[in-house]
Amino acid sequence: MLLESLRREVLEANREIARRGLAPHTFGNASGIDRMGVDGSGREPLVVIKPSGVDYASLTPADLVVTDLAGKIVEGSLRPSSDLDTHTLLYREFPSIGGIVHTHSEFATSWAQANRPIPCLGTTHADYFHGPVPVTEPLTAEEVAEAYVRSTGAVIVRRFRRDRLDPVAVPGVLVAGHAPFAWGRSPSEAVEHADVLEYIARLAWRSILLQASEAGIPAYVSEYHYLRKHGPKATYGQPENSGSH
Amino acid sequence: MLLESLRREVLEANREIARRGLAPHTFGNASGIDRMGVDGSGREPLVVIKPSGVDYASLTPADLVVTDLAGKIVEGSLRPSSDLDTHTLLYREFPSIGGIVHTHSEFATSWAQANRPIPCLGTTHADYFHGPVPVTEPLTAEEVAEAYVRSTGAVIVRRFRRDRLDPVAVPGVLVAGHAPFAWGRSPSEAVEHADVLEYIARLAWRSILLQASEAGIPAYVSEYHYLRKHGPKATYGQPENSGSH
Amino acid sequence: MLLESLRREVLEANREIARRGLAPHTFGNASGIDRMGVDGSGREPLVVIKPSGVDYASLTPADLVVTDLAGKIVEGSLRPSSDLDTHTLLYREFPSIGGIVHTHSEFATSWAQANRPIPCLGTTHADYFHGPVPVTEPLTAEEVAEAYVRSTGAVIVRRFRRDRLDPVAVPGVLVAGHAPFAWGRSPSEAVEHADVLEYIARLAWRSILLQASEAGIPAYVSEYHYLRKHGPKATYGQPENSGSH
Amino acid sequence: MLLESLRREVLEANREIARRGLAPHTFGNASGIDRMGVDGSGREPLVVIKPSGVDYASLTPADLVVTDLAGKIVEGSLRPSSDLDTHTLLYREFPSIGGIVHTHSEFATSWAQANRPIPCLGTTHADYFHGPVPVTEPLTAEEVAEAYVRSTGAVIVRRFRRDRLDPVAVPGVLVAGHAPFAWGRSPSEAVEHADVLEYIARLAWRSILLQASEAGIPAYVSEYHYLRKHGPKATYGQPENSGSH
């Protein structure tokens, strides 16, 4: 039951990637996690993820692959997304997140390819990301050779640890020379964050070409904006919706 | 009656923001003012505004919030847009305007994030804005702490006073590090100006990247263009429509 | 009869401006000329043009305005496009053209606002324009004061005369600080040229930002491309269509 | 029979060029080759190609032109694409390819007009192209005069030979001052590669404007990505689809 509902939400998030134009061809995937197990019995968490190389348009709930947190397939006859090991590692390391979306969206990927974090230049950014969108270090030759996909998760986690970033306050990252990952409390929030990340990447790209200072907006402004949506005194949205923007 | 008609026009302006792609997600809002009161009796003016954080697609007339010029809710069960205090302050300070539209449209926001006014580089601009599109000063830490949203209105008004700008001749502004506001005699004219502002921001951005001079077109050209649409000798459009472009 | 057919073609060209996104709002207009008179009797040529400030979507054949080459209205109850005097002057000076389209299309206008001709950087350009797309001189204060719209036509003609350009080989121009005009043997060819002009403006803008040399492609290449479509030995398209690309 | 199926696939690839917006007007064409002959009898290979200057929307299977590898028309009453001699030369020189697509897509053409190869800046690129997308030398005056279209094929082949490139690992090229050609094992794979080429051209253009290093990603990363899709140990996509991405 719960798993069925998660399957539908993951399917919808994958379709939303396509509808919003965040990933041409099959360059993208969404997953979700049921941390309680299918029956709330506390059994091992299950991850639902897109199969590899399947077109978004033809995706059905039955195509989705269910794995445990070690990546072992529990249900599904198709091969899971080739990025599975990044997803499972992030779910293990970031206990507060419930959905992950990976895209190759145009502007966020362009920043990732330039190995540059996206500075916080305005309130659109500050409403969703607390501080710059970070960029990872490049993978080393050893990391690529040993476990490329898992290492992609590892460099993300390393970046968050080194800079003491909170994955709730910074719901996404750029993988250097690759593309963005975004996440949220649910698959639908993850895809919303992936879309906002693309939009702030567009805005920042255009502002930087107008010689905007990379210092960005003052900390007291970004603090205010972040807290009005996320703090205990949130004033944005309707009270009953305060968690969903 | 009058208020019902204003509700419909404000709803339509909010939908137009979405249709024209001026504000992804819920980054935008439109309002209108009935300066005469609902029965023309001269009672206090009423403002109709979008509720906070509600998706454009699902918006109905009943969702709109009615307030007085001090921002006190007169009708409506939802929380008004978090930008309400900016709208009411502008209605109080600019008596000639009847509608306000706030967006995070891509190119206008990119100029706002770069803290740069949009120079008047051509006749598309000159037909709608008399001179550059101004940019405000950044808010101070005190302004943010005391009354962020009202202060956003205050820095707009300060900019217009300091430079002796007429809100009819300059129907919009960039708030530094934030995004544009546009206005007009009605909500529908306000959204038209928000859309034109985005278009001239696109044109100017591309011209500046071709090393266009920021001095822009000669004053005698911008004067001519502005007056052919707005002066007593306006020659643009049909006589019966001369007020609506 | 002939005039009715011209009305339909001019209406269609105006709608095509909107469909191709070449002019937001009412920033654009198309016209056509019947150089033979309505009955082929050799009476004075008639120009059919869009009325001023009317939305493309609501335009009907009866809305179009018919004038003589001096701009005197022969048929129609609406005020003609405010750019009429530019159109009639071009029809008088360029006897080989049968249709004119004026737009504020984004990239062509951005070049016009930067007062820069569009260099011929590739074969897409060379297939339609023989050499760079020229840019006019700015209008003087006297020209603006005396007859702004007619002077816009005059600076175009002056540019073609000074550089000995053939309006068949160079079917368009950028008016400095304003926007493009394009033309062709018919209104439908004019709108095709307006659309191609926008596309080559996009390509050149992106190439120049990659530091392309403004010298452009060698003359022997642009000559070859132009002649394969336009010379007596044209090899492009089907024989029966050789005139329509 | 086989030829009918190839006709349908070539028609579909031509329509896909239009649907994906890779070639405005008639700036583009797709072809396919049946290397076995219509009856598998080993008779001479046949090429199916778009006719010249015909709009994509109105194209029917019967409009397609069938030629031999020397470009002699075998079936069809319309004149073949003016680029036919480039296609036939590539089919003769690159025996591993089964379909060719030529477009004037915006970003790839902008790189071609700047005479710059597209550096490999990320994994989106590395998944499809092994190393930079090469750019040809400009054609000489003699080559243009003697056989322009065949020489376009010749400069492509020369570039691949000089740099020892494998057309399977590098499924496309930029012709200097002109536009891209892409290819694949079939017409449908060729149009997919033309579309990916446009996307990586967009990404690289934006990254370069953010001052990305042209050195691009380390060789051990591009090697890994290329091999996971193309090598004997491919792990991307479903096993039964491993050849089609």
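The letters A, B, C and D name the chains in turn, as written, and every chain counts its residues from 1.
The rule we apply is simple: a residue touches a chain if its C-beta (ideal position, glycine included) is under 8 Å from a C-beta of that chain, and two chains touch if they have at least 3 such contacts.
Because the structure is predicted, anything quoted here is derived from the model rather than measured.
Peer 1: Counting one step per pair of touching chains, how few steps separate subunit C from subunit D?
Peer 2: Each step joins two touching chains, and the minimum needed here is 1.
Peer 1: For the two copies subunit C and subunit B, is the contact made of the same residues on each side, with over half of the numbers shared, or of different residues?
Peer 2: Interface between subunit B and subunit C is built from largely different residues.
Peer 1: On a C-alpha centroid basis, what's the spacing between subunit A and subunit C, in Å?
Peer 2: 48
Peer 1: Distance between subunit A and subunit B based on Cα centroids, please, to the nearest Å.
Peer 2: 34
Peer 1: Two or more other chains in contact with one residue: find those residues in subunit C.
Peer 2: Within subunit C, residues 209 contact more than one other chain.
Peer 1: Line, ring, star, complete or other: which one describes how these chains touch?
Peer 2: ring
Peer 1: Each pair of chains that touch: what are they?
Peer 2: A-B, A-D, B-C, C-D
Peer 1: Given the complex with subunit D, which residues does subunit A contribute to the contact?
Peer 2: Going by the criterion above, the answer is residues 24-27, 51-54, 78-79, 82, 104, 106-107, 109-116, 138-139, 141, 144-145, 148, 177-179, 205, 208-209.
Peer 1: Over in the complex, which subunit B residues touch subunit C? Could you list them?
Peer 2: Residue list for subunit B touching subunit C: 121-124, 192, 195-196, 199, 202-204, 206-207, 209-212, 216-218, 220-221, 224, 228, 235-239, 241, 245.
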